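Each structure below appears as structure tokens.
First chain A sits with chain B, and in the next complex the same chain sits with chain C.
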Partner chain A sequence: MAQIKKKKNSSTMVTLLWTLAFFLIWELIAFWVESSASIRSPEKVLPHFWKIVAVAFDGKTINGTDTAIQLVWLNAKVTLIRSAQGFVIGASIGFLLAILMSLSQIIKKIAFPYLMIIQMIPILGMAPILLSFTGDIDSSRIIIAAILTFYPVATNTLAGMEAVEKEKHELMYSYAANKWQLYTKTLIPASIPYFFTGLKVSAPLAITASILVDTLQGGIGLGCLLSQSLKGAMTRYVFWLIVVISAAIGILSYLLMGLLEDAISSHKKAERACKR
Partner chain B sequence: MDTANTETEILMSDIGMKFNSGPDEVTALTSVSLDIKKGEFVSLVGPSGCGKTTLLRIIADLLNPTSGTINIGGESTKQARLDGKYGMVFQSPVLYEWRNVVKNIELPLEIMGVPKNERLERAEEMLEMVGLKDFGNSYPGQLSGGMQQRVGIARALVIQPEILLMDEPFSALDEFTRERLHEDLLNIWRRTNKTIVFVTHNISESVFLSDKICVLSPHPGRLSAVVDVDFERPRLMDIKSTPEYTSKVFEVRSSFEGV
Partner chain C sequence: MNKKQKNMSWQSLSSIIYPAIFGIVVFVMWQGGLLNILLHTDTNTLPSPSRINSIIMDNQAKIFLNLKATVIVALVGLLFGSLIGYGIAIVAAQYRKWGAGGITLASAFNAVPIVALAPVMNNLTKHISSSVDFRSMLAKTLVVMIVCIAGMSVNAYRGLTELKPFSEDLMKTYAAGNFTVFKKLLLPNSIPYVFTALRISLPGSIISALVTEYFSEKVIGIGRQIRENIVTAQFATAWAYIIISCLLGIVLYVLLLLVESVVMKNRNRK
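Up next is the complex of A and B:
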């Protein structure tokens, strides 16, 4: 028991040290930027982190009605909801596609090149095409988040199903299992860790994509606010606040996928508890 | 017991197996004829490439022989498989790591549509038989290799198959664990009366366990001898130190051709 605690503590320590080192390096660079004679506006390169935090807690309104943090949060919520919608749609399609591709070699051979090509079109190029197709920027933003999500999910889940050992197939065959049982009892559960690898890749991706596509047109959204803050409509610190909060949301989305995976795979918890 | 021993369970005549037709053709087995009695413990022994696993897979209906005939108690291997006559144990335990031990053993019953209560009851009975009564709620990742293989055996037996097909089940285990499992397997076999077809490359293992050893030689795979082992049962570890045991091992060893 003591050893488990020790191990847990040591991994928390690593995270703690890593975080501390990150902020230490940030501050060192910020000091250097500030004191450098050739950099005229240091807050554009790298401001002190505490100054960004100070803006977040500043009670002053910046557009007449909202404080900086209220404004950022308002926009973040909208972006977050859009990317979450896109993410769920994309992950579901990706998962179903993986099953279809594992069911049929023909579907796999037909679908795979298209999936690759879709991934190669730049998001910023795809957005206007989708916009003229849907006529609505918000649904285009959701669709783009979905497109970026489904590829990592589909390929990882498919890899998971294909990684199932031959013997498991033979077992199911010897039990005279039907296709449905083969998938529900063996292939799908076996692919769950891979599915989550896909989700962990695509969750931050869906958010980044949403923010990026936001910048294309106005409206509410972190990316829209980001463009405005760069155009000098508000202090540069609002821009930094958006960057920090976007990064935090991305990291949290990744961690959330990890927690979700732990919650549904009870065997991992049990195995971890008994590891020395 | 004696009457049961005369009834043929697996009848193979002139079995041949070729892989890849055309220029890449490989002959895995040529004209294997063999009959295995009900309740018999039969080993298929040979070096790699002798076709012993191929033969086991033919019995299991995982492969169709390219020539010859095989029947299981008068019916086809396919019918035998559909009737749930086979319990399979592989070299690796092939457990489902996301299912706990009881759920692993219940898996074949789930597929066969056995009701929940009965499933649990039968799984627990099997767990007790393989000596893992207290590990039902553990996950495979928490068990040693030997324990995992015991779960594999329990899962194979839970469907009450007539024939237990074992493909080098103990070859990945350490010597001590393997010897324990040998004795335990013989006990389980005595209690359940299964026909066991046991593939191994370990001669001593086959002598200790079997009633009958089928010696297979490679290039091409063929049956080169059938050696009867009539040591008294139940067998204990002590017999390994007797001269009869040593000479039986030697007899099997000298039956190989071309090795």
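Up next is the complex of A and C:
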């Protein structure tokens, strides 16, 4: 046990060191960019990381009312809420569809090829047309996030239900379990790890989708602020702040799904820890 | 033909027939205008398939030009990204203690929204070349490349480290050199994982190619055309480009599956 703990600690240390190395390389490139004679505005290529952090804690207002971090946070909140809405809708539809597909062969046969196709086509490219459908930028952001969430969840959950061994089905049959019991006692619990795999894939996707659709039209949201700052409406550091914060949100959303999984199926936590 | 056989052939046949019927129903509803009523749109925002088709036919040369730009960006980015990703995986697998942490960091990049990279690359390449053509192409390809690196390195690392028990020790008893171990054991073992990575990063590379076109200097590419046409309310033309982008995604994916089935023919997929 002590050895496992030791090993785990050392791997955390290694990851930590790598993260440090990443920022070190960032700084080195930033120095190089700064000293390069041909690059006139280094903050457009790669500014120092500490300067971005400094802007976050800068008390100066940049548009008259808000400081940089207030402005970014205000927009990030809206983006987060939208992508969370889309994510929840997409995940629920994906889960329901997986159950329907495992219940009925006909639905499965109809839906499966189309699920494959959705995976192949660039949904984000369709964002602009969806905007003209709904007419409302807010709902098209949510819909795109939902579509992108929906298929990883549906295919993974279905895979989880189909991975249940035949013996378990036979056991439930010998108990004279009905469909409802079969699903609630065997299939759904068995599919939970797979369901979370789907969620982990789609959580960052939902956020990316929301940010991208933002850039199509003005309003409020991280993507809108991103395109504004690119056009030079405010200091370029706002742009970098958005990059850093959206990266952090993406990674945190992934970690959050892992925490949620630990909370929901805590009895399998040890098993997962060994696998990691 | 006995009953069981009949049942089997119906099983495989129905998995083609059911989705085909569904597709035809949707298509007929779309062409017949029923879809417009259901979605509360006019024929301007959602033109009928025949109209879209005629637009594609009329603009073949222009569409081909844009298609070529997008395909080059997506595939070159995918190629170099995958190669770099695989290279990182090899290095990480050699020095496993340190490599695992690096791979964790690489997988974190999967969660970073790539959109943010596009404008940065534009600014970076501005200083590299004076040709707008070349530098906007380079900027787009770099973004696609970065997107593909993370997925490939994570999957290939698994392919290079999750070996059959004792196979490495066996190689050692044969006194096999590092290169032989790689050629005979690691490379074949990693092939299925490489295809797993490609299945994810191929659609990913197309999507990122389309998205980076939004931000690029030169107005070219399928993604850019979709957006430009929407902005000018040319919805039918935009739809033509959307259909092309979907076809591109499907064709490339099917090609990948074909290559995979040829390569993996004599192998039991895990």
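General observations
Just so it is clear, the second predicted complex is superposed on the first by the 250 of 276 C-alpha atoms of A that agree within 3 Å, B and C clash if a C-alpha of one lies under 4 Å from a C-alpha of the other, contacts with A are read in each partner's own complex, and residues count from 1 in each chain.
One rule holds for everything that comes next: contacts are C-beta pairs under 8 Å (C-beta built on N, C-alpha and C of every residue); 3 or more make two chains touch, one makes a residue touch a chain.
Note that the structure is predicted; figures quoted are calculated from it, not measured.
When both complexes are overlaid on chain A, chain B and chain C end up sitting side by side without clashing. In the superposition on chain A, contact is made by A:E165 with chain B only, not with chain C.
Once the two complexes are overlaid on the shared chain, A:I207 sits against chain C while remaining clear of chain B. Once the two complexes are overlaid on the shared chain, A:A247 sits against chain C while remaining clear of chain B.
Within the superposed three-chain model, A:I220 lies out of touch with both chain B and chain C [touch as defined at top]. Of the two partner chains, chain C is the only one touched by A:V14; chain B is not. Using the contact criterion defined above for the overlaid structures, shared-chain residue A:V88 touches neither chain B nor chain C, since it reaches no partner.
In the composite built from the two structures, the nearest CA pair linking chain B and chain C is 6 Å apart. Listing the residues of chain B that touch chain A in their complex gives 60-62, 81-82, 84, 86, 88, 90, 92, 94, 96-100, 107-108, 110-112, 138-142, 159.
The touching residues of chain A, when paired with chain B in their complex, are 165, 167-168, 170-177, 181, 185-186, 189-190, 192, 265, 267, 270-271, 274. The part of chain A that touches chain C in the complex is made up of residues 10-11, 14-19, 22, 36, 38-39, 44-46, 106, 109-110, 112-114, 117, 119-126, 128-129, 131-133, 203-204, 207-208, 211-212, 215-216, 223, 226, 230, 239, 242-243, 246-247, 250-251, 253-254.
Those residues of chain C that touch chain A in the complex are listed here as 14-15, 18-19, 22, 39, 41, 45-46, 97-98, 100-102, 104-105, 108, 110-116, 119-120, 123-124, 127, 203, 206-207, 210-211, 214, 222-223, 226-227, 230-231, 235, 238-239, 242, 245-246, 249-250, 252-253.
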